[in-house]
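Structures given as C-alpha cells follow.
Below, chain A partners chain B and then partners chain C, in two separate complexes.
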Partner chain A sequence: MSAYATTRHHSPSAFSASASTTLYRRLTWEGTVPLEIRVDPNELPANSDRGLECYYMQAPRVSYLPLLVPEIRRFLMDVVFDEAASKMLKEEDWWFESESRTLIKWHWPIGLIYDNHIISSSIKPSAQGSTSYLNMQVTPLKLILHLASPPTDKLLLSPSAEACKQAFMGQLKEADFLRWGNTKRMTSLRKAEQDGIWEGVKEHNFDDYWRVAAKVTPTIAPARPNSPPPPPSGSMHTRPPSADPQVAPDRDGAYNVRSVPVRLYLPDGPVLQDLVPPMLEDGSPHTLGHYLSTHIPLLFPPSSSSDSDLAFALIHGVLAPSEAEMAWLGACMPGADGWINVCVGIAQ
Partner chain B sequence: MFRTVRVTRRPGPVIIDHTVSDEYSELLEPLGEDEAVLSIPSTTSSVDYVCQQYVVFSATFQVPAFYFSIHNSSGEPLPLSEILQTSLLRPSTIYEGNATAFSLSTPTSTFPLISQGEHPTFGMPCWYFHPCETASAVWEIVSEVREDDWTDAQVFARWVEVWFMVLGSVVDLHD
Partner chain C sequence: MAQVPGSPEEPSRNTTLPWSGDGGENLLEAIQALDTYKKKDPSKVVVRFKAVGNAPIMKQNFYKITAANRFQAVIQFLRKELGWRAGDPLFTYINLAFSPAPDDTVSNLYKSFATEGHLIVNYSTTAAWG
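Here is the complex of A and B:
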C-alpha cells in the first residue's frame, strides 16, 4: 500500500505527513457519493421541460449542498426552466428533502448526509428483501429539490456559500478546541490561510486544503517511543526514525491530543458527542470497538471480541473495523471539517 | 433545562435595519445618526414574541451553553436582524457586534458571539451564545469569591450561579 502511495503521489512528505497518512487522507478526500436531484414536480415553473427535471451527479463527500447549487442551477436553467421562470428563482429559498420526506441539513457534509440516509434506511423494512449494507449496491441518494418556502423553523437560515463557510469554520475550530484545549492553532492561521482552507473545500482541491489543514491536524509520527504503532504500521518501517523532521517529538502527535473530535450518529436518532481520549487509562490505544461498546453497549456488546453482528459502523461510507484506533482515525480520516462522523446502522 | 418566555420588541428608538434586504451586509448601522433613528409607532410597540430558551451542556467546551429561538405570533422564527431588536438582548451586547444574516460577531473574538446551530439534543435550529470563552470568564470570577473551606459541590454550585450572572450581562433573563 505504501508503494501505491509513493508512486502515485510523488511528494508524500510535502505536508510533513508520512506516505501512508497522506494516502488515507487522499482516499478520504476523493470519496464521492452519487446523487439524484429531482425538482418537486408540483413546483416546476410554467413552461418547464418536464422530461428532464432530474439531475445526476457524483458529489465529493467532503463538500456541501450549497456548493453544488450553482451547478444544479446551471443545469436547470439550461434544459428545464424557461428564461422567464429562471429569473424568478432565488437560490436562498432552495431546500432539499429525501425521498422519504426527511429534511436534508445543508450544513452537513454531503458524505454524512449520505451515510446518515443509509443508517436510517437500515431500520426501515426494506422492499428488496434481505439487503444488508454489506451486499447492497451503491445507489444514488434521491433528493427532492424545492424551490421556495424553506421550512425555516427546521433548517438553519440562509443556505448561502458564505453561511456554509462560517458553519464549516466553526466546526474546524471546535475540532481544534477538542484536540488541544484551545483554538490557538486555528487562530494563528493567517486570514489568507483560513480563506484558503475553505477554498480548498469549495474547489475540491486536496493540495490547497491540506497545505493549511496539515497545520491544525495531528500527525502520525513514524517513531513514537511511548505509544504503540498505528494500524498500518507495516509501511512505517520503511522510513528510519531519523527522517522525522520534528525535534520536539510528537507535540502535535495524534496520540497526544486531549480528545479526538468524534460524533456518533444513530438511525433517526440523536447525535452523541463525548470526550474521546486517544489512550485508555490502562495505556492501550482507544479503539473504535471500545468507543462503540462504551457508548452503545446493546448494539456493540463489550464482551465480544469480533465485530458486532447486530450493528455496523460507517466512517466516510467505509465499514470501519473495531480495532481501528480513534487517534489514527482522527489524524488520517477526518472529514474536511476535522470531525470523525461515525454512523451506526442496524444489521439485518 | 428549558423554558418559554415572552419577549417584546425593544421600546424607544430602534435601528432602521439596512441589513434586512441585504443578506450579506456587513454592519449594523450604529445608533445615533439621525437617519438611522426613528420612534416606533405606538401600534407596534407591543409586539409579542415567544422565546424558547435552553441551557444545554456543550460536549466540546464542557460548559453549559445558552440556546434560544424566537418566533412571532404566526410561528415563524425571527431573522437575526429582528432578534437583535427584541428585549431579550441587552443593548450593549448588540452595538459592539457585526451582524450578518447568520451571526453576530465581534472583531476580536475567534468565534461569533451569536451563531445559529443545531440544538445538541433535539437537532432543531437555534441561536446560541458561543461557549468558547465561558470557562475562563466564569472561573475568573469564581476564583475571586471562592473560600478555602468550600467543598467541590459548593464551588460548582457557585460556578453555575456565576454562569447565569455572566449570561445575564448579555441577555435579559427576567420573565
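Here is the complex of A and C:
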C-alpha cells in the first residue's frame, strides 16, 4: 500500500475492491429493462412479414441503443424483411422515437431512457388513474424504430457505433475531470485499455469492463481488521477513510474526490448538474437527501425529517434511500460511463 | 425491471408506499414545482474561447452566453464567429480535458467546470483530446 513512495501509479484492480463494492457494481451491471421495438409501419418495405415487426428484448441498463442495433437487425433480417429489403438496410440511418413521438437520445444509457420515459408517461394527464410509479406493473418501454431520414439537426450526432463510443469516452473523461480536476487516470490508459473498456460495454462483459474501469473509478476502503464486521446489505453506510487518522489518505478514495459525477433528471427536464462534494462543510458525508433538498427543495423540502411526500428518486430504477452517501454511490453504483443518474418522479 | 437478488430493500411489486392521504394536493404542489424548475434561466455566464494548435484566434474571446443554452448552440455560435461552414472540422473541449455532450447546458458546465468566473472552451481543427 506504499504506493506514494513509487513513481508508478498503483492501479487498484477489480479484485482489490471489497466484496460489498463488487456486489453493488455487479448488481448495477446486471440490471435490465424490457423494451418493445416496433418498426414504423410506414417504413416497412414491401413484402415484409407484417405482424411480426415487433421485437421484445431485455436490455442492459448500462448499455446503449446503438449497441442493440446488430441484434435488432438480425431479427428483422431473419423474420421480417425479405432478401431484397434486407440488403437495403442502412443502420447508420436508424433512429428511435418513443410512443409519444419524442426523439430518443441515443447517447443516454438505456436504463436512464427507460426510467425517465416511464416517469414522464406516468405524469401525463392521459396516464391511468392515480397509480404510483412503483405500483405499476413493469411494462416494456415502447420504441418506434425508424429506418431512414434521421433528423440530424435534432440528433446532433449520427448514431453510429463509433459516435456512440466517442460520446461514451467523453463522458468517462468528464467524470474523471469532475472527480480529480484532471483526466490523468483516463489519459494514462493504454489505447488497448481504452478500447477494452468500450468492448466490455459492447459485449456486456462485467470482468472485461471492470478490468479497466477499476483503474479510473474511485474505491471504498475496506473496513479495518478490528472494526465491526461489514454492515448487512440493507445498509449503505461505510466509514469514510479520511475520518480515520490512522489510515493513510487513499489516493483513489471515493471520499477524496473533488466532486461525485451526478446528474439529476426531472421528468421532461431539465437535467441538472453541479459540484457534489463527498463531504459537507460540517464534516458529515454528503447524502442523497441533502443533495436533493439542496437542488430541488420544492420537491424535497429540507425541513422534512422523513422522505418527501411529493417526489421520489430512482437510481438504476431502484428507490434510493435519502441516507445513501453520494461518494459511496459514485464508487459502487455508477453507470458504465461513470455517472450517477438520479431520476426524479412525483408521487401519485 | 428484473428482480435482482440481494438488492437493498427493493420494494416488492405489491407494496404501497406511505404517501400521505391528501394525494391530490401533493400532486398539484409537485407539478407546480416541476413547472418552476422547467423555467429557463435567463442569466448569462462568461465563456472564454481559447484556440488550440492551428485554429485561428478570434478578435474577441470572451462572450456572455445564456446559461440555459445547450452546448450545441455554443458550437454553432463559434462556427458563425469563425466563419466556418457546417462541414468544416471543429472540435471543442472544456478545460483542454473533454468534449461535452452537445445537449449539456452551459449552465451545468459552468457550475461544474468554471474557473475564475468563466468557462473555458477550447477549439481546434483537429481532434486533440477526443
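Basically, the second predicted complex is superposed on the first by the 304 of 348 C-alpha atoms of A that agree within 3 Å, B and C clash if a C-alpha of one lies under 4 Å from a C-alpha of the other, contacts with A are read in each partner's own complex, and residues count from 1 in each chain.
Here is the rule we go by: contacts are C-beta pairs under 8 Å (C-beta built on N, C-alpha and C of every residue); 3 or more make two chains touch, one makes a residue touch a chain.
It should be emphasised that the depicted structure is a prediction, and the values quoted were computed from it without experimental measurement.
Superposition of the two structures on chain A shows chain C clashing with chain B. In the superposition on chain A, A:Q348 contacts chain C only, with no contact to chain B. Applying the stated contact rule after C-alpha superposition, one finds that A:Q194 touches neither chain B nor chain C.
In the superposition on chain A, contact is made by A:K105 with both chain B and chain C.
In the superposed model, A:P267 makes contact with chain C only, not with chain B. The partner that reaches more residues of chain A, of the two candidates chain B and chain C, is C.
Of the two partner chains placed around the shared chain by superposition, neither chain B nor chain C is touched by A:N205. Contacts of A:T294 after superposition: neither chain B nor chain C is touched.
In the superposition on chain A, A:T183 makes contact with both chain B and chain C. By the touch criterion stated above, A:S86 is placed in contact with neither chain B nor chain C. Counting contacts by the rule stated earlier, residues 105, 156-157, 166-167, 170, 173-174, 177-178, 183, 187, 270-271, 273-275 of chain A appear in both its interface with chain B and its interface with chain C. Across the complex, chain C is touched by residues 23, 27, 30-33, 58, 105, 107, 123, 130, 132, 134-135, 137-138, 156-157, 166-167, 169-171, 173-174, 176-178, 182-183, 187, 233-236, 259, 263, 266-275, 296, 298-299, 309-312, 317-319, 321, 346-348 of chain A. Those residues of chain C whose C-beta lies close enough to touch chain A in the complex are 1-2, 4, 6-11, 13-17, 19-20, 23, 26-27, 29-34, 36-38, 72, 94-95, 97-105, 108-109, 111-113, 129-130. In the complex of the two chains, the chain B residues touching chain A come out as 23-24, 59-62, 71, 75-77, 79-80, 100-103, 110-112, 115-118, 120-125, 132.
Remark: chain A residues 92, 105, 152-158, 160, 162-163, 166-167, 170, 173-174, 177-178, 183, 186-187, 261, 270-271, 273-275 touch chain B in the complex.
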